[in-house]
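So, here's a batch of structures to check.
Across the two complexes that follow, chain A remains constant while its partner is chain B and subsequently chain C.
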Partner chain A sequence: MNPFTPLFLLLGGSLASLLADQLLERVGAARWRGCLAACILAAALMLFTWEAYLGVSVAEFRLIGPESPLTASLKLDYLSLYISIIFCGLGLAACIYSIKYLELESETGVDRYYLLLLTLIAGLVGVTLADDFFTLYVFWELMALSSYSLVAFRKWSWEAVEAGFKYLVMSTMGSLAVLLGIAVLYGIAGSLRFDILAQSIPSGGPAALLALALIIVGFGVTAAAVPFHSWLPDAHPAAPTPISAILSGIVIKAGAYAMLWSLFKLFTPTVYGFGVVLIAFGILTMSFANIVVVMQGDIKRFLAYSSIANMGYIITGMGIAAYILRSYPSMVGAAALALTGALLHILNHALGKGLSFLCAGCYILRQGSREISELEGIGAEMPATTASFGIGLLNLAGVPPLSGFWSKFFIVSAGLGIPSDGLLLTTTLIFILNSVLAAGYYLWLLQRIAFKRRGEADPAAGEAPALMLAPVIALAAACILITITISPVLEFIRAVLGVLLG
Partner chain B sequence: MNIYELYFGASIILIVLGLYAIASKRNLVRIVLGLEIITLGVNLSIITMGVRVLGGSYKVDALAQGMVAISMAIGAAVAALALSMAINIYRHYGTFDIRKLRRLRW
Partner chain C sequence: MNAWEILAWACWITPLIGALLTPLLARLGQRARDYGAVLFSLLAMIMTLLLLPLLFSGVELPLLSRFTWVILPSAPILGRIEAGLMLDPLSVIMANVVSIVSFLIMLYSIGYMHGDPGLTRYWFFMNFFIANMLLLVLADNLILMLVGWEGVGLCSYALIGYWYQDSREGWLRYWVGEPPEAYPPSHCGMKAFMVTRFGDLLMIAGILMIAVLAKTVSFHELQAAGESMPEPIKPLLPIALILILGGAIGKSAQLPLMEWLPDAMAGPSSVSALIHAATMVKAGVYLVARMFPIVLAWSFATPSVLGFFYAVMWIGALTAFISASQAVVSTELKKVLAYSTVSQIGYMMMALGAGGLAAGMIQGYVGSLFHLMNHAVFKAALFLAAGSVIHACGSRFLRDMGGLRRYAPITFWSMLLAALALMGLPPFGGFWSKDLVLAATLSAGEYAVFAIGIATAILTAFYSVRMIGLVFYGSPRSGAEAREAPKIMWIPYLILASLSLVIGLAAPLLEHGLEEVFAEHFSGLMTTRETAPTLLTPIASITALAAGAIPAYLLYVRGAWGPGRMAPGGGLIEGLRRLLLRRYYINAFYYRALAEPSLRLARLLLRGFEHPVIEGFNLALSAGVRRASDLVRRLHSGLLNHYVIGIILGALIIIAWILLGGVQP
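Moving on to the complex of A and B:
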């Protein structure tokens, strides 16, 4: 079997869903249109998992001749497999959740929704599989265009169109910065294939530095690093809830992935000292977001800001790894530990934040409001949702037995691995302070939602519909499953590190 | 001044003009135009990077030409989406003026 079948399945499925919509409409089964998309996502997820289970050797796919610099190429390795499984898994959960959600919210334009959802996931998976910069850019724009449309999906509301326009302007500028960086790299190497670029960049001189800066800034916009984050807190609340979960759980991770890939594989950290820059971005991102998050009264805005903070943790983890690789070339073990933490946190945050957004969506649907003060105590009336919400928040807070603890613990212990280094020590201390603050406000949110006493019992309140509850419980189960089976997950991440560090 | 510096300089000027338009203009359509000008500047720089001297005359690498063709198509899609959002904003507010619609903190 071709290892890229899942990608072609997603791309073909998005076209097929256009045709199938007309058919379903005609036979009067329009409410089943989400099932097709869910089946395609489930098939893609199963194929990727199967490949992971068999153990991939590196597979390549070239569109034009094997040796030409003009190729459009795809490559499957452990890193892309790891990220793709996360993307497809959360995409599937959000897709199943959407079926009932869109019906209850009586959204219009549902015929376009699943098409956009599938192209979004196809773009994300394509980004992870791309093996030359231009293929990456094309899939990146496929992902970006569908997410702009999905943020502005409720075009009848002023909030969605404004947030969508703002997201479009900022994210397009980021993409253009990346494209300019790609142009400069193309000028240096005469090709865009990653293997050729990796050889010619170290001798690139100041032009390569310019490209490095453009690429960090460009991907930083999507990864919501702090000076470029301001699209995120508007876009997440304005989008339909399953889309907020996808944006927060995986779209911003695509920024982190693209940074990780291009920085560690192309601009080798031993040649360029970008570790300090990443650490600075990371500290700024997490400290700013963690302070602002406490002031939010809107639950989706609250979760959106905490996503920015978590991106800060991931970027800091990457920065610590790059810094150690450059300053202490013999300490590869500590760098690997920091990268393990960052990669595991990508998984933990995708699950935890996706889960909390989906639960928040259930509460918002019941209460008809996004204000935390009005949602207080609603959790007691929806026990299954609240139990899952609690697991998600505790995972994000990093409460010890859950896997969210381990990812932060790995980053911290890598930072403390070289006690003589002042920069690493300060970074780690700020990281710990931030984690403690974050754990505090997650528990505070959980306490307000779940345990606060309500004045009068609301007769309309009750458990969320089964079709919305199923993905929520599945994600909560996945959080616990990963905690229990942490050692095979770490084994897999070790294989991923083999790709990144060689 | 050789041809690379000339064209790369021109593309940088286009990019700066586009950034200026986005930062200073108050009209949504002009902001979209600013984005398009940046796209043009970046495309021009890709073409510049693809210029090769072959047999005494300048040729552009086929990879660069292919990339720019695709990038123009993507730019058109972005512009179409941006304009459709601008139309929706106009329906809500009856104006393209960005100062009138800052209900979100920009």
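Moving on to the complex of A and C:
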């Protein structure tokens, strides 16, 4: 498949969706706005899934000009497929959810919403399909701008505007750091294409090191690593709920993907020992976030901080893999295990957190408040939503046999695979303690929402509307399905690892 | 995956899905829920019936089906998790017994449990039970079987304690026992769980031992593993087998872990029929039957493992006798049936043990299995009919029943047929299978066990006739207005009672068929195939039957004795009666010596350790986390300037770290 196809589909589709929504509003069928967007996302998801089913070889497609170091290009390989499927899947769920959600929340500017949503997904997919830094940066910025607009969507609310502005400023600082790093790399290699960069970087000396640092910093901002995370707790609650789900579920994963790709492909871990840096980052992130979660009273802020913690797990997994490859080059199996855990956790967290946010949205809509103290016990009145919410939280908490357990287990197994190494042992211990703490607060949240007894049953309360409930149940079913068919998923991830580690 | 494998997986997953759907169906209405739940058990029954042709289709057995869940070779542990099912004559036959009896009992439950407020919970656990029981008999390895084993234990606990409210007004219907051994339903559920758990603990230890010694837990591979056992571990094998036997003893309520079954009668009669007569208590017999060829295969290299069969046989024999003696004096209808169940399972164990010791083992194996099938059918019929009787009379005590023959004729005939099968009257099925059991003990040369079997047969006949006499003959002693049960209740137990007659009439054919199937299956393990037919056993069993039945008939049917009355001449007989009524004081011993000290210790630990130390630690930990959280939270001031400073600081630190040599190539 031509990697340009899904991009064209999404970008063109965003414009088409804009026109279609305007038309529908004119005709008076305003309820159907967003359906075209959902269809386009479904089509993109189907394209990617079909391609994954067929098996793929690395395909390169040049956009402009002849074979030259300056040409922009796209790629399609197992890693892109894996990440894009996750992006499109969650995007589709959020899009369907939005159709009813926006109507119930009486949002304004709905016609622009789907345009922005599709360009956001297009930017995200473009990042995974990019085969050179220029293309990656262009799509990165597309993603950043779209997500900023969506965070600040409720422009009449001070909270959204402030959160959006913070997100814009901090994300721009990250992008600037990345841009500086890219510039340095261009100086070293004379080209921005990944294959040429991979060959030239080892001879780059201190300049390459500077670029490495800047790239970690820049992508780390979006990936919500700890000194750079502060935009997230404000942005995710302030955005409309489906956007929060997308932000937590996939936008921050784009940061993880970009870090994964540039670090493992360009600055190969056997040459550059960045594993320790990532481990330190990851541990700081997860510990910091896990400690702060317990005091949160706003449910969306609660989930937002836990997203930061989960990014910490993913970064730690990447760090452990890189560290093992550098210090114990023969233990490739353990490094592969850690990366498997990190990649699987990307999937699990996207599912679980996306699901949690969408359910939280259902509760907030019914209750009219985001405070957990006011949402206590609402679960009894909305059983289907709460059952799905429970599945999502248990998946995130890492309760066996759900797949969330396996991703954390693989990372821990890898860390314990070399018992003599003190750093790995300490890291794994801290990882385990954090997971236990996280499991505790997820179960605490579930207990408060689902099992606490309320005063009187609110007569207006009832199950969430069907169009909002459907994606929620679909995501919960996906969690269970992934648990049962985890073997094929692991097979796919093994193919992805082949791409990353060679 | 071929059609047989799909059927095998589907037949246990279907009731599982049914259980999970029950709460959803309940929202659609009561009838949807009730009939929906029964529908799933019907589907399971159809699927297991469809598996029967596999035994005659010429496909090589056992047919193994594997489902791989996780394979990750580089993971140090848990790198390979698979589940597998095995289809061979034993598993297919057991699955059919389970599903057919389960379906009829589910049908009965619609009428019996009608109007009960907690029915959603009931249907959920019944379907969940069927799923776990089918998984237990179809599993291809000890670990997966253990999953089903624990599942049925859970359902048993939940269903025995179904009327967990323990209301005192329901004393006549819902409790069990008489003071000082009267127990409420929730207590009985916990007791069943605890006692079987103890057996399970031994079993798990045994499974772990076998897993380590033989390096496999799959039944198929264990059989072959016997040839390559290294010398040093050979003495450990009998120990592992005895430990596994511990689980079977617990689950099948044999000596010394049989005290939970009589008290499990606090549950609804349908539950007693399903779990405690027809299926779950047979799980222990199934386990021994499963281990049977494995132990035989091992015995060629390690003769000491044959001690396993000695243990099985003697435990079965002693249990059979002791339990039957307790049934003779019991004052409650369901307790008579419960003791009877324990006793008959003793017969099955006896047959398996004797078969293992004899050269042509088929007789014992087939005898046990055939008796299992027969017993499931007639005991389920008895329990279901007993439920109907208790419903009609409003009380569980035999002293409140009587003269029901006129008011509930269908129930009378069903119970009579089933009781005749239990006694072993020809041509009923019970006669044929009991005959095989006794013949097996003779073939093995175990004359003492044979004598115990005959003595038990006498007692069996006695208490069966006693029961029929007390319930159906004489003048009505119940105050309630007794009448026949509704159709949906008597159809299942009439079917089952008639089935026991039909099986009896077809018994010679069935026996021959079973012997053929299993002889084929075990062809490598037997030394002789011929079993000498003997007239001794039928004559002995019929004599025993007469010796037991005639006195009981004279006393309870013609003489209209009450349940508490014994022969005049007080003293010794009365003392014996009290001993039997108090269950040889074994139950009292367990409470005094084990239960009460444990409770006292638990209370001590609660006051002395849990509250000060553990609670204190928990509170300190949560307070600590709260404080830490509060402190760290202050770093989020909300001011963008501070956040940007954070970015710049972080960036500078990382750049400095990387540039200054942290990551040199």
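In this text, the second predicted complex is superposed on the first by the 497 of 502 C-alpha atoms of A that agree within 3 Å, B and C clash if a C-alpha of one lies under 4 Å from a C-alpha of the other, contacts with A are read in each partner's own complex, and residues count from 1 in each chain.
Just so it is clear, contacts are C-beta pairs under 8 Å (C-beta built on N, C-alpha and C of every residue); 3 or more make two chains touch, one makes a residue touch a chain.
In this text the structure is predicted, and so the values were computed from the model without any measurement.
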{"item": "Chain B versus chain C as contact partner of A:Val169, first or second or both or neither", "value": "both"}
{"item": "Partner chain in contact with A:Ser191 - chain B first, chain C second, else both or neither", "value": "first"}
{"item": "First, second, both or neither for A:Ser230, with chain B first and chain C second", "value": "both"}
{"item": "Partner with the higher number of touched chain A residues, chain C or chain B", "value": "C"}
{"item": "Partner chain(s) touched by A:Leu180 [first = chain B, second = chain C, both, neither]", "value": "first"}
{"item": "Which of chain B and chain C A:Phe451 touches, first, second, both or neither", "value": "neither"}
{"item": "Partner chain(s) touched by A:Glu159 [first = chain B, second = chain C, both, neither]", "value": "first"}
{"item": "Chain B versus chain C as contact partner of A:Trp32, first or second or both or neither", "value": "neither"}
{"item": "First, second, both or neither for A:Val138, with chain B first and chain C second", "value": "first"}
{"item": "Contacts of A:Val276 with chain B and chain C, given as first, second, both or neither", "value": "second"}
{"item": "Contact residues common to both interfaces of chain A (with chain B and with chain C)", "value": "165-166, 169, 173, 230, 234"}
{"item": "Chain A residues touching chain C - in the complex, by the definition given at the top", "value": "165-166, 169-170, 173-174, 177, 202, 206, 209-210, 212-214, 216-217, 220-221, 226-228, 230-231, 233-234, 271-274, 276-277, 288, 291-295, 333-334, 336-337, 340, 406, 409-410, 413, 416-417, 437, 484, 486-487, 490"}
{"item": "List of chain C residues in touch with chain A within their complex", "value": "68-78, 625-626, 628-630, 632-633, 636, 638, 640, 642-644, 646-647, 649-651, 653-655, 657-659, 662-665"}
{"item": "Residue ranges of chain B in contact with chain A within the complex", "value": "15, 22, 28, 31, 35, 38-39, 42, 45-46, 48-50, 61-64, 66-67, 70-71, 74, 77-78, 81-82, 85-86, 88-89, 92-93, 101, 103-106"}
{"item": "Chain A residues touching chain B - in the complex, by the definition given at the top", "value": "69-70, 134, 137-138, 141, 145, 148-149, 152, 155, 158-159, 161-166, 168-169, 172-173, 176, 179-180, 182-184, 186-187, 190-192, 230, 234"}
